[in-house]
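Chain naming follows the written order as A, B, C and D, and within any one chain the residues start at number 1.
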Amino acid sequence: MRITVWNEGVHEQVDAQVAAIYPTGIHGAIAEGLGELLTSATIRTATLDDPEHGLSAEVLAQTDVLLWWGHVAHDRVSDEVVQRVRDRVLGGMGLIVLHSAHFSKIFRTLMGTTCSLAWRNDAERELVWTVKPTHPIARGVGHPIVIDHQEMYGEFFDIPEPDDLVFISSFAGGEVFRSGVTFTRGLGRIFYFSPGDQEYPVYFHPQVRRVLANAVEWARPVDGATIPDVTNPATNWFSP
Amino acid sequence: MRITVWNEGVHEQVDAQVAAIYPTGIHGAIAEGLGELLTSATIRTATLDDPEHGLSAEVLAQTDVLLWWGHVAHDRVSDEVVQRVRDRVLGGMGLIVLHSAHFSKIFRTLMGTTCSLAWRNDAERELVWTVKPTHPIARGVGHPIVIDHQEMYGEFFDIPEPDDLVFISSFAGGEVFRSGVTFTRGLGRIFYFSPGDQEYPVYFHPQVRRVLANAVEWARPVDGATIPDVTNPATNWFSP
Amino acid sequence: MRITVWNEGVHEQVDAQVAAIYPTGIHGAIAEGLGELLTSATIRTATLDDPEHGLSAEVLAQTDVLLWWGHVAHDRVSDEVVQRVRDRVLGGMGLIVLHSAHFSKIFRTLMGTTCSLAWRNDAERELVWTVKPTHPIARGVGHPIVIDHQEMYGEFFDIPEPDDLVFISSFAGGEVFRSGVTFTRGLGRIFYFSPGDQEYPVYFHPQVRRVLANAVEWARPVDGATIPDVTNPATNWFSP
Amino acid sequence: MRITVWNEGVHEQVDAQVAAIYPTGIHGAIAEGLGELLTSATIRTATLDDPEHGLSAEVLAQTDVLLWWGHVAHDRVSDEVVQRVRDRVLGGMGLIVLHSAHFSKIFRTLMGTTCSLAWRNDAERELVWTVKPTHPIARGVGHPIVIDHQEMYGEFFDIPEPDDLVFISSFAGGEVFRSGVTFTRGLGRIFYFSPGDQEYPVYFHPQVRRVLANAVEWARPVDGATIPDVTNPATNWFSP
């Protein structure tokens, strides 16, 4: 299992409060959590400032599952890299999209919708409830996960109908959100998980770490997957 | 449009508080609300104490959509009537299942699961959020519907994957619930809607009435529907 | 009901055989069929060669449902028009995507996948079977629809999981195809229907015309729909 | 992994032709195929004539995944055993339902529909096409699986909307069938797979054996699963 954790990495550089919460970056905290739970995985990190954002064709070819965190710099991600990531996802690479990356180019491209939502940053308690307990991503996860302080994300969340709705969150203010949803695009499996704002230490939460590790295992590509392509078969090609 | 509102009608007879809230019965309040919004519909009511529970073959044959409320007397509903209702649903009659009728024989028979859930009767505020705004049942409905006092129903709600998840509720205590869900069984359309406990005047709420009227219109049978049956067609039967 | 039928309109200009089958263009045949069945609808047509491809902001603002046929000129459709159509779909306009338009920019943008498939042009018999008989698009449609000669489209069809699978086709050569599938994107309803190649008079088939008329009625926008947007509500904004 | 293969075992006793195709019974052929591919699994078989049909509470408690084949003796399966199997499925045991067991009591109970279909026994070629290539059940399976002779099963197949549609079959006569479909009921995973008539040696087909082995692995229960039950939690029970 080869994992790449991508983070735009901007807040940590310009906001001392975020840097204090995430001293090795949001990507560092996520990678640390995955390393604890997936001990045999190869984990690398990449950020916006790296050449090609750290997502060269070589890196992607060696990535089974990519995690993506972004917020204020979606527009600074090059279209070429987005296209490259998209092709890899359609060809089978797993993709885990986190929190404010609902507005990332890669997620919007794969969804086809605005991906808009309601939000309020008021340090509210978030409860993450499992509504599909048989799903591998929910394995060993508390019901609910209690996150003491989080940004509120609320419905209507403008996404296509998910393949599976795994988690629904409520917030202290009363809003609800489909906070854990899966999609298949081409041969790639995609999981969007909303907890994880830069102002709160959510990626140190043991249950959140469990969800991400489960998601990575679930999103692993089918063996030998390649991007679907047009074919023009002869009649009875399947009969020897 | 021919509607039958079925209610076990037990609480109203034995509990003065419920009788005060619902002087014409829960069925009476529901029928009144439907009559206001669906002015050309023919609406009848039926209860447990009626002969054949008011659901004779004749009544069902003249019913396009059946609404079902029950709570303490599920076991007193005869298996023969349940079978009859089931056959009509599979043959195309719409069915709207309300609140504690999640445990009714007819709903459990059509779902195949336990239909269990978490509950707490603490007069909590329920907020009903629309997560599928294009669904006809959500047309003209507030986002959220605010119900000041209601029994809490919480996840995990043991139902099959719904065709459409239209509403998600949150409660003051933090629980969430898939409160408006649709299913198709045979040729029949089914909508389960959880708001509506006997201790609270929920069926007088204008928005709840709107949901029920929308649901009835949505669940109307396809013309000429009959219960699916086995066929044994000859080769090329479709080519004249 | 205001309908716009869009066709790239290239084959009819350069291929006498196609022009003979579709003397008023593929768009003309489709518009004629819709006019027969939806007698109160306002129907206009538009083609690639019209200014702004006939899809100005004004035209789209007055369109409830747009039908789209294209094949050899997908790349000649301007990105600006595609973006405009996409925004209208997300804001509620219905979209019916036909046959080779599986590869149109607008469909691929809304799906997020390659939309690739298998094909073979061998004048094979196509049988279109209804697998969701309660769906409004299947109302009054034969089971199967028999199309004597058609281009084969076969699986794997690289689309996201549809909301509803309405039709599955088989072809004389043995391939199958999910030939009638629905999606919701934003507030817009989308129906893809595969029968309809330029070399065969499929859009004169009464059953195909019935499907398209049903689809247009089904895809009609919700009243007052607008493209979903981000909101930042205050706590308890819903309580007066 | 503990597997139980259940077969009514009637045809093999009364029909010499079936006994010749399946000398160790249909259950024997299935068990043999699973044993080849799941070498570390514990596999037992059970039939109608065994005490309690071989499905005592003890056997079920030690079964992770149950396969079910039946045809002419559905009515001879005791309601008590059906109820016991159902409770185990809802509590997490996987269930693989085969061919004519679409009409078994256990499948109809879990589906809630008639499970009717069209059929024709004419030794037709069946092609099984994969339409969800990312699904674990499709791993390593040919596209299509070619089965030279089979009974035809055709649409409309009266089942609830599946969680996942994995396979669609076509038959030489032109019919199509949703031949591989998954469901979740309670905590149990269910897979229905239609190829496998008693008159044809389908369960010796290497690709069919691969599908069944994949399905068994996919249907394995979540650790520690138990049948969902009602709870009545206190307010804030989740906050220590």
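Note that in this section contacts are C-beta pairs under 8 Å (C-beta built on N, C-alpha and C of every residue); 3 or more make two chains touch, one makes a residue touch a chain.
Since the structure is predicted, the reported quantities are computational estimates derived from the model, not experimental observations.
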| item | value |
| --- | --- |
| Shared chain contacts [subunit C and subunit D, defined touch] | A, B |
| Residue-number overlap at the subunit B/subunit C interface, same or different (half cut) | same |
| Higher-contact pair (C-beta pairs counted), A-D versus A-B | A-B |
| Subunit B and subunit D, separation of their C-alpha mean positions in angstrom | 32 |
| Between subunit B and subunit A, distance of the C-alpha-averaged centres to the nearest whole Å | 37 |
| Residues of subunit D touching at least two other chains | 127, 133, 144, 154, 156, 174-175, 184, 238 |
| Contacting residues of subunit D [partner subunit A, same complex] | 127, 132-134, 139-140, 144, 146, 184, 187-189, 222-223, 225, 238-239 |
| Residues of subunit B defined as touching subunit D within the complex | 86, 90, 109-114, 116-120, 122, 154, 156, 158, 160-161, 163, 173-175, 183-186, 227-236, 238 |
| Touching residues (chain side subunit A, partner subunit B) in the complex | 125, 127, 129-131, 133, 143-144, 154-157, 165, 168-172, 174-176, 178 |
